[in-house]
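You will see two complexes here that share subunit A, one where it goes with subunit B and one where it goes with subunit C.
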Partner chain A sequence: MVDTVSPLEPVLNRGRFANTAAQTGVVISEPAPGSIVQLAAWPDTDQKVREAIASVLKLNLDNSPGAGAVSGHRAAFNIAPRRYLLAEEDEGLAERLLSIVPADVGSVTDLSHGRTAIRIDGEKSEWILAKFFAVDFSLARFPVGQGVSTSHHDIFTQIQRRSETTFDLYVFRSFARSFWRSLCHASEETGYEIR
Partner chain B sequence: MLISCPHCGPRDVSEFTYQGDGNRVRPDHASTDIGAWNAYVYDRVNIAGEHNEIWQHSGGCRMHLSVTRNTLTHKISSSTPVQAARPTQKAARKSRTKA
Partner chain C sequence: MTSTRISMGGRIDRSRVINFTFDGKRFAGHPGDTLASALLANGVSLFGRSFKYHRPRGVLSAGVDEPNALVTIVRDAVREPNLPATTVEIYDGLIAESQNRYPSLQFDVGAVNQLASRFLGAGFYYKTFMGPKIWPLKGTRFWMFCEHFIRRAAGLGTAGLEPDRSRYERMNAFCDVLVVGSGPAGLSAAKAAADQGANVIMADIDARFGGSANWSEETIDGAPASEWASAIVQQLATMPNVRLLSRTSVWGYYDSNTLAALERVSDHKTRPSFGEPRHRHWTIRAGHVVLATGAFERPMVFTGNDLPGVMLASAGQRYANEFGVLIGRRVALFTNNDTAYGAALALKRAGATIAAIIDVRKTVSDTARSAAAECYAELITGYAVQTTEGSKQLDGVRIQQFDGQRTTERERLVEADCLLVSGGWSPAIHLASQAGAHPIWNEDLQAFLPPPPTDKWVGAGAFNGTFDTATAIDEGLSAGRTASGNTKPRKTKSSVVEGYKCQPNPAPVFEIKGKGKAFVDFQHDVTADDVRLAHTEGFTSVEHLKRYTTLGMATDQGKTSNVPGMAIMAETIGKPIPEVGSTRFRPPFAPVSVGALAAERFGDLKPERLTPMHDWHIDHGATMYGAGLWYRPMIYGLKGETVEQAYVREARAVRSGVGIVDVSTLGKIAVQGPDAAEFLDRVYTNMFSTLPVNKARYGMMLREDGFVMDDGTTWRLGETEFLMTTTTANAGKVMQHLEYFLDVVWPDLKVHVTSVTDQWAGAAVAGPRSRAVLEACVSGTAVDNAALPFMGIVHGEIAGVKVMICRLSFSGELAYEVYCGANSGTHVWEALIEAGKPHGITPYGLEALGTLRIEKGHVTGAEIDGRTTAHDLHLDWLLSKKKPFIGSAMMNREGLQAEDRLQLVGIIPLDNLPINGGAHIVEELHESHPSDSIGHVTAMCYSPALGKYIALALVKAGKSRRGSRAFVSDPLRKRFGPVEIVSHHFFDPEGSRLHG
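And then the complex of A and B:
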């Protein structure tokens, strides 16, 4: 399999970049999942597609908008009616899904080389993300596992909450370096660490 | 301005793209009725009040929506998946008459 090359390499400068009060409010990192896959169902096969997600990723999703789940290095969430974004540490997720999702049940699109995942963690993560997206990130409205499709200056971003303080952002690969820089600039106020 | 997407809930207008007047109906592909095509391409009602519009949640779930927006107040009184709300030929004829 072709190696996934990170577009972030030239800008991923590990270290602490504290604010003027010597604090770091967030940690920004690249989780680099081996697989990022979009799975879409037909109007009458949504249940079957969610069963496939449960069987391959061991994650159970209900049919509510944005519903998602995370466990270890596996993540899945709803991004649109009958469409899901899946990520896993291992490569080859698309092939495993294709083996149990025939064309009359759904379509599998391997986005492993087309999207870059960016993780922001820390008590100020909601605050930083609120600078970019017109989305309510409060825990009550956006619980752990929940996902959202939104955009920043007309560029798509799909976001999932991994924990109370952690969010994974999936952006177009070609946009990732620019977005990473913006994220660092937005985090200067709270201070940040790149891991 | 907030638009309530049937899938995503109330979201900022910056996530949506306007796709035009929701009152017009494309004539049959085989139609040679020049008047009908002219009306489809050019005639707009330009309502001051409740207006039937097509929007897409392009920066979100990408659903196409049939939206009723008040052009004077920007209040959105309804927003439904477009498949469920295609205008009838009769409604289109009515809006052409008004125009």
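And then the complex of A and C:
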């Protein structure tokens, strides 16, 4: 088995931290999906690309900005016009997509190593994210499945809501450790658990 | 003033005692007290000394408008000056100090300024420090001489030198309706909007919601106003669509209904809880805004109006009813309107004797007359306070008959230890003004009112000039409904409000002229005479007046002084106030901590960007170097090695054996799509559509203006797929460049570009033994010259990991770049190190990398500096003549072809001493008077291959100067010496080594 190293490895210290007098406001973890893939369509092939997503991941997306869906360990959401970020527990998603998405339909870009997924879950997750991003994370405006591309200072982040209290954040691998530290620091106020 | 705590009443928690110190003396207060109320309760009347004249000052107001009682709070040795005592909540252990006094507040030597006060009027500095026309302190020299002393004397509090360790945070919030202010109007608006289902944020600058209801004596719907307010606050607190922000000053109103607010999260606590910030800065994007910010009572301008014991009438009422503090035992009132009579009633009920009510009006309303009678006060109409009596606190006031313009001889003394004044009310229209609303003068209220809203805000209550509580509540309810989108008429009944009701309209009297100093702006010691002096000296515009006198420019931003100042100026000019005009309010409404504006960026001012092998580098002794956001190994120094010794050793190892360097930071962009090759032909100066699959090519791109933008290799991985590499520094810029052309210029091209910099870990294995290293660890592909020629690409495995290998060289040696998935980067790196051990593989850092490239004459960002062309860098061989490309139309402009342009050359210091980047190249050496520069050094190193120091430089007509001599001139670092200008190809110019 080949050793793969998460950029978070030195900082992923499991336990409860910071304001333990308060209830643990959020749980922070690294879901480490086996595949993270960008699938992008041409102006006239968006529908075909979304059909490909439905075919491979069994997730149906509409064509509204940020539209997304989650099911189990599978997730997909719109990150830019005609661009989608897909994540799955298993490796090899890019290859499977390449087999059904020819170049004249869209492009498949494997980002499994290039992006690091960070999950924040808990009652205070919206509160913590509001410290970073100028995005309205209220459930009414940012429902389950919805995604957004945004940034915190210099760190580009793609965010998807997985449940009422759970968000997955995809950041560039090289920034992941720095962002993780910032996230933990911001969560000190509410107390946090690394799981 | 003999203020004291009332035995009952107030919204303070008398069951708990809080101990604090003021100027080193211990005092006690209760939760709910401000520093001002607690000190007043302890009989303190002297709070500070004034800005310029060091006059004794007490408390004028009870809120954010306070201009006098400014203190310094000391916490953990950090000093925060100029905080109004009226807004500082006390906590156990609070340390407060008075300001602008020496050696003590009671005895301040600075008070000697009062003796020279006639010379210290407006414009004193401008006029006095012009400087004489004769030597030695001619002109500005005199100012520079005096500046030292002036700066020591200027200002109020003194900031400390200790770093502020407090935590500050920024928050983003979104809401349908933001309600600013939580008095009866604001509460009603918030409740109405929330009942409509809107997401509501209600912010109030005070700790306790309720605004004037907290000190009002009215009943609303049968309940005391404070209880009515508490009940609504409790309802709002339980509503999931409502966020309540107390201690929050909404200080800025910006475009698109974006508002800035400062929440003082833990200033009122002895210690913040773990992780809790001191201040939280909110950026609130609101669908609609309800401005229910109330109004500020104005003082009157008369001689000695700054003496401790003179206070705004509403403040006296607030101290009594909200804080349980009686601000004087024998109280006089001086007013031009009926609202002050309500304060008299409150003070009477709190136990004070109302000595007299002095009203400038000859006749007053029956309501006012009844109120005066109810509090057994002598009602003296048609009189005005001429001057105050007392040195450090009020003993009484001298009053004279007043005819609306001036006082007459008939004078009498009214003994009092406190004078409450009311000069009318100014609605707090600051936020509306910031939003662009031009205020409208209201003759009845003698105040500026907001115009009808032109943006998505609506006003309610005293903000609108509505001082009747029932009407304010109605306005709040309507505003809340309107803001939440409900335009149907309201069906609910109006609230029933009982209590003292009056017309707030004042007589148009702002100043009682007399001898002595009558202050308009208390905080900046601006007097009525200063305003007149400004006019005399030609400052007839309100904007000029403001700047010349500094009226309204202190930390209180003229909340109590702007309107009186304008009124006095209008009278002086002989124009009505609205013709004089008003200044536009600017953010912030109240002071904002710099910490909150900066907030925090944990660890450093910028995030760290780490390569997949970062931890390996650290573990193996690398000295890391910040390159943009990236951290890269500079050297892997051995014990006792200097930087130069280390990089020379590393570079020598590459030339003689094999080295390995982390190149993961190189920008990598996936260029995909049916038109990818065509796109690259347009982007690069050379052709890429002819590049076979599994081959790479060096390319250069220009900006549209014809200058070189970036260079790098691009690899063709498939018919429709390329991997473009860029310089580390320009990765983002190139990405934006590509996206711009795809989105805007060539939207018809089917091309996607995606940053894959982080997808790949990259290691460059360089040196004569590099192929041997790969042969020892690569499986699945051959790496010999046939299988992997120069610029060839193969796919294989190293230690079970899929890798992509391209044979290319930045060092000039036989070299390969090995790419793998970033998460496997360390695994592959270690496998390469292991395979290289028999060959003495040496990890090398940026310094050695730079040395190797300087020896080869390769360019980087130091030479591609945005001002150089392909010709300048001798890269014109990359300019295709078969196709157009970005920049091709502009690259041959006359100026870019000039003979004397800076061109890339090599430099050899003839004294064989190091020279620095940035050093100038000159034709003649004059150390004391450097001659004109003909160029500058861009990079230098000690070359182990050549055994001497070498450098690259950009020199005018550099190519034609090869073989000639010049000089290096670096006056800042005192480095001068002869150099020889040579070709930039120092080492292996034929490239025989890289071809193996």
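Convention: the second predicted complex is superposed on the first by the 188 of 195 C-alpha atoms of A that agree within 3 Å, B and C clash if a C-alpha of one lies under 4 Å from a C-alpha of the other, contacts with A are read in each partner's own complex, and residues count from 1 in each chain.
The working rule: contacts are C-beta pairs under 8 Å (C-beta built on N, C-alpha and C of every residue); 3 or more make two chains touch, one makes a residue touch a chain.
This structure is a prediction, so every number in the text was calculated from the model and none was measured.
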First (subunit B), second (subunit C), both or neither touched by A:A80: first
Partner chain(s) touched by A:P7 [first = subunit B, second = subunit C, both, neither]: second
Which superposed partner A:V148 touches (first subunit B, second subunit C, both, neither): first
First (subunit B), second (subunit C), both or neither touched by A:D62: neither
Greater subunit A contact set [subunit C / subunit B]: C
First, second, both or neither for A:D110, with subunit B first and subunit C second: second
Partner chain(s) touched by A:A134 [first = subunit B, second = subunit C, both, neither]: both
Footprint overlap on subunit A, comparing subunit B with subunit C: 83, 134-135, 154
Residue ranges of subunit B touching subunit A (in the complex, touch as defined): 7-9, 11-12, 14-15, 58-63
Subunit C-facing residues of subunit A, complex: 2-7, 10, 18-19, 21-22, 38, 40, 42, 83, 103-104, 107, 109-115, 130-131, 133-136, 138, 141, 153-155, 172-175, 177-179, 181-182, 185-191
Complex contact set, residues of subunit A against subunit B: 65-66, 79-81, 83, 134-135, 148-151, 154, 156
Partner subunit A, residues of subunit C touching it in the complex: 169-174, 199, 273-277, 283, 285, 600-603, 606-612, 615, 629-630, 670, 672-674, 719-721, 750, 752, 754-761, 799-801, 821-827
